[in-house]
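A, B, C, D and E label the chains in the order they appear, each numbered from 1.
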Amino acid sequence: MNNGVSILAVWFLTAVLAHSAEAAADREKLLKDPGVYGTFAVFKVDGDWWKLDKNVRGSAAAEVKNVFQKHADKVVTDTYLLRGLSEKADFFVRVHSTEILDNQNFLVDLMGTTLGKYLHNTNTFNGITKKLNYVPGFPEELKEALKTPPDPGPKPYVIVVPIRKDAEWWNMPQDRRSALMKEHTDTTVSYLKTVKRKLYHASGLDDLDFITYFETAKLDDFNNLVIGLERVEENKHNKQFGNPTLLGTIRPLDEILEVLTR
Amino acid sequence: MNNGVSILAVWFLTAVLAHSAEAAADREKLLKDPGVYGTFAVFKVDGDWWKLDKNVRGSAAAEVKNVFQKHADKVVTDTYLLRGLSEKADFFVRVHSTEILDNQNFLVDLMGTTLGKYLHNTNTFNGITKKLNYVPGFPEELKEALKTPPDPGPKPYVIVVPIRKDAEWWNMPQDRRSALMKEHTDTTVSYLKTVKRKLYHASGLDDLDFITYFETAKLDDFNNLVIGLERVEENKHNKQFGNPTLLGTIRPLDEILEVLTR
Amino acid sequence: MNNGVSILAVWFLTAVLAHSAEAAADREKLLKDPGVYGTFAVFKVDGDWWKLDKNVRGSAAAEVKNVFQKHADKVVTDTYLLRGLSEKADFFVRVHSTEILDNQNFLVDLMGTTLGKYLHNTNTFNGITKKLNYVPGFPEELKEALKTPPDPGPKPYVIVVPIRKDAEWWNMPQDRRSALMKEHTDTTVSYLKTVKRKLYHASGLDDLDFITYFETAKLDDFNNLVIGLERVEENKHNKQFGNPTLLGTIRPLDEILEVLTR
Amino acid sequence: MNNGVSILAVWFLTAVLAHSAEAAADREKLLKDPGVYGTFAVFKVDGDWWKLDKNVRGSAAAEVKNVFQKHADKVVTDTYLLRGLSEKADFFVRVHSTEILDNQNFLVDLMGTTLGKYLHNTNTFNGITKKLNYVPGFPEELKEALKTPPDPGPKPYVIVVPIRKDAEWWNMPQDRRSALMKEHTDTTVSYLKTVKRKLYHASGLDDLDFITYFETAKLDDFNNLVIGLERVEENKHNKQFGNPTLLGTIRPLDEILEVLTR
Amino acid sequence: MNNGVSILAVWFLTAVLAHSAEAAADREKLLKDPGVYGTFAVFKVDGDWWKLDKNVRGSAAAEVKNVFQKHADKVVTDTYLLRGLSEKADFFVRVHSTEILDNQNFLVDLMGTTLGKYLHNTNTFNGITKKLNYVPGFPEELKEALKTPPDPGPKPYVIVVPIRKDAEWWNMPQDRRSALMKEHTDTTVSYLKTVKRKLYHASGLDDLDFITYFETAKLDDFNNLVIGLERVEENKHNKQFGNPTLLGTIRPLDEILEVLTR
């Protein structure tokens, strides 16, 4: 390559990166703000995929990366490997944006790739983030405890638990529901350091009321947390808790594609 | 082409269009009248479809358009993209006519096309529109509020929620049911501007009692509307609410076919 | 063709028809008598069927007609198109005989044809007809009303609703069940002209207690009839009502085969 | 073939048959004794089977017969045709032995044949026979009635009804359960001549408590028997009754293979 | 091979074995310790597997053995044959390690083999072992009884029963739950010699609360044990008991691979 070309290439790359920096969706903001739509798209790979030539699968992986790149200015994505720990699926993508149409367009493109044509979309959960509902009414002490930051360090495991409440729950007066949610929240305090959580509201967007999302490095703690949550009265109003519970590991897209192209 | 032929062609085209104008089903009327049959036919595309040559898929799309055209004098159709937002299916067609046999004949033709042979018909909901049941007995104030027209502007999102009531509901005296429906309806008033709805009665035509159909531009409002509806007593009598809830976007047929023929 | 041959052919045809007239199962009798076994065999066509050559499908249709013919002395059959109005299946055959083994042998032969090998048997309901259970104890006025003949004219729509009662129903004293069935029957009186019905008892022959079969030209009346039946107390004892409800159109075998061989 | 060889062959065959007579599992004993394991293996034939050449299917059938023969010294088998009367499957095999490992080894061999590779094993029920539980405590009159032998003559129909009781049933005091079983048994007395039955205990060996097996020539009697059993209080404690109920005809292996190789 | 090479080979093999001995996961410890993660991965072989050439299947089996070997320093595995005794699957692998990521990595590798690509992962149960919950509070006599060692000799049968408790169970005060568990445990005493058991806690790691694992040579004893457990009050709080119950035989990997490569 002669100098002229290499300079051009560098300039081009710089331009692209600059543009990408400007345009990329604001990850921090989307992961914290209320009013953000989260779509959890869960996929199982068809048996025929594995019969494709390794090279074909390799270039299919590159095509997938391009789709993620192409939509990076509209949606923020995270990827997770379920394979080996769940019979339900092989992996899932969590997609965030302020307009769920952007989630749809990204996923339609993803499912339109060569790999996408071999994916069975076994579950899709849709939800929206909101300001905390009950916390403002909690006692100061509990509010303070809830500020405990999670321990630093990687939290390699992910768990997603979809939830649907019964009609009795929704028909309770607000202060009764609030009292039960305080009891529920008390249980979580001892696990704030080791279990990170995020909540999505799903009523009407899916056959669910909530999508609860957890990250942890200590699954034994998570098991104890769930047992604690089973022991409070609010649990009597969970018409659906899990089914499916998704247990997997947080993995970059490259690692998931590597598993699929071996 | 010589003049004589071209004049003939123009005349022929005019005649066809005129005829088509005369014969086309009256969309406005069918979407408002009672006694109209609505069939919601939900489809998932088979994996083998994507293995077909792009050209073959292209001409298959043209064939589909012809079927829609051919039946346009009997049925009114709307199309919706679910792909990306629902694992249940890729798209659905809502078909209206005054004789459900016409819905069947259209759908049999659609399923008989090249594309149709690669479609899995994952759900079909059948219902009939009726005059409002409870509204005539509501207080004047509520009746007035219900006249609020929806905000102008596009409502790109669609949600379909099939519903089945329990035997206790149907065995209630009419005035008790009416009181509960008033409470239900009160909840909807604040959302009349942003959420359009349409109701179909399905008892005996399907394993449902109602098909509820919504259009909105604001899914956060829709989420709040559903939470409101969950909080009234009538909700205790929903044996089935959703399952499946269909969330998608309203898209012209061409756009859906474009997604399938990329 | 010379005269000798043509005469022979006519003679042969006459003989066959005469024999067929003698041997054919007595349709009127089988459709009215108690002690007759009805088998509803519901089928969905496999996607691979449509990939067969049109000619192959055509001769497969002829083969099917022969099987119907061959068993016509043992079983009486009716055919119905579900495709387009139900995701559950494409068509079903109702088979009547006095010995259910004859139903089985016919269906084994049907499923053994070229078409049959591409059929998924999605449901089979088995039942037996009986003398009316509760009617003899009803008031004279109701008994009289029940004699109302259906309006003449074609009834193109069919609905099949399988039913299972709960243990409380079966454990009720006979006179209590009878009182509830009177209330149920009262509801049906206004629909006797537009909705024809037939009842099969299925306990032990299937995972059902009853198969209810309806024909009508007015689906709006049928919808109202079912709403009426939902409003009586007996409905509280329906553990299963539909699931699947089969809605379709009555069509001669030729028309169903035509849909499958286009 | 010369004489020496033919004599040898005859001698060999005789020896084999003699050995076979000695070694064959004792059918009468296995069908009557307590402590015998019964495995009901239910199969549906894959659509691809029918695309095999008739010759290939024919030799596959011979292979199946060899497997039955090979295990005849360990297990006793009966075969039943469901095809045509049940959407659930095409046929099932009932296998008896004193060691369930022998049932497994036989079925692994069966599923390892050419035909076996095209079989979907849609259900397997495992149970063990036991001495009668409640009968010893019944009144003498009922005990006497229970000795009624079934009418002679063939009973071509088979029905298998798997059953699971609720926790309330198992938590009842023994004498209460015994009283309810007496009421249950009273109902069966009038059907002892026309309906033969056999009971297997399945708790822990399957997701069932009982497998009930019936043979009859009179399905109308069987229908009435089941209605009678639905009318007793014990029925309120059936968490599962059927689902699936298997209705079919008793057929020798040869006849089932003939249906599959036509 | 000359002497120098053979000596080298011996040395190399010795080194490998020594390393392997050092590195192999400590089976005894992993099977006894609390805080160990157990993953039960259940597989059904796809029909297409059997259409592969016997040689291809043979080398695929060798590949599977290598994967087991490769992960032997991280995970302890046991293999079980379900085929013939369960329609749910053909075999399962129980995987133990102190970090569930190791279970996942092993299973991802296993599913990435040639055989793995033909496996349907029909169920995966995840759980963690813990110190005994209720035993410390039991009376001394019961504690003593629980020390009864199982009879020596092989226990060829395996049963896995996944369990989920209802919200009422978890909301009980600890001493009430403890009293019910004592009643439960009393029932098991007479079966300690013939039925070995192991318990995994699964709340939050799966849609289960417990995975119960049993080994026995006497399935009649196991059937009686389960009937005993059904008769105690704690059983009223089992929302799920089995579904699926997995019944199979303990078999070395080689034997399972032999069944799959015949």
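Here, contacts are C-beta pairs under 8 Å (C-beta built on N, C-alpha and C of every residue); 3 or more make two chains touch, one makes a residue touch a chain.
Keep in mind that what you see is a predicted model, and the values were worked out from it rather than measured.
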Neighbouring chains common to chain A and chain B, by label: none
Rigid-body rotation angle, chain E and chain C, from Cα fit (steps of 5°): 145
Computed distance of Cα centres, chain D from chain A, in Å: 49
Between chain A and chain E, centroid-to-centroid distance (C-alpha), Å: 30
Chain contact graph, described as a line, ring, star, complete graph or other shape: ring
Chain A contact footprint on chain E (complex, rising order): 35, 37, 39, 41-42, 46, 48, 100-101, 103-108, 111-112, 117-118, 121-124, 126, 128, 165, 167-168, 170-171, 201-207, 209
For the chain E and chain D complex, residues of the former touching the latter: 47, 50-51, 81, 83-87, 156-157, 159, 161, 219-220, 222-223, 225-227, 230-233, 235-236, 238, 242-245, 247-249, 259, 262
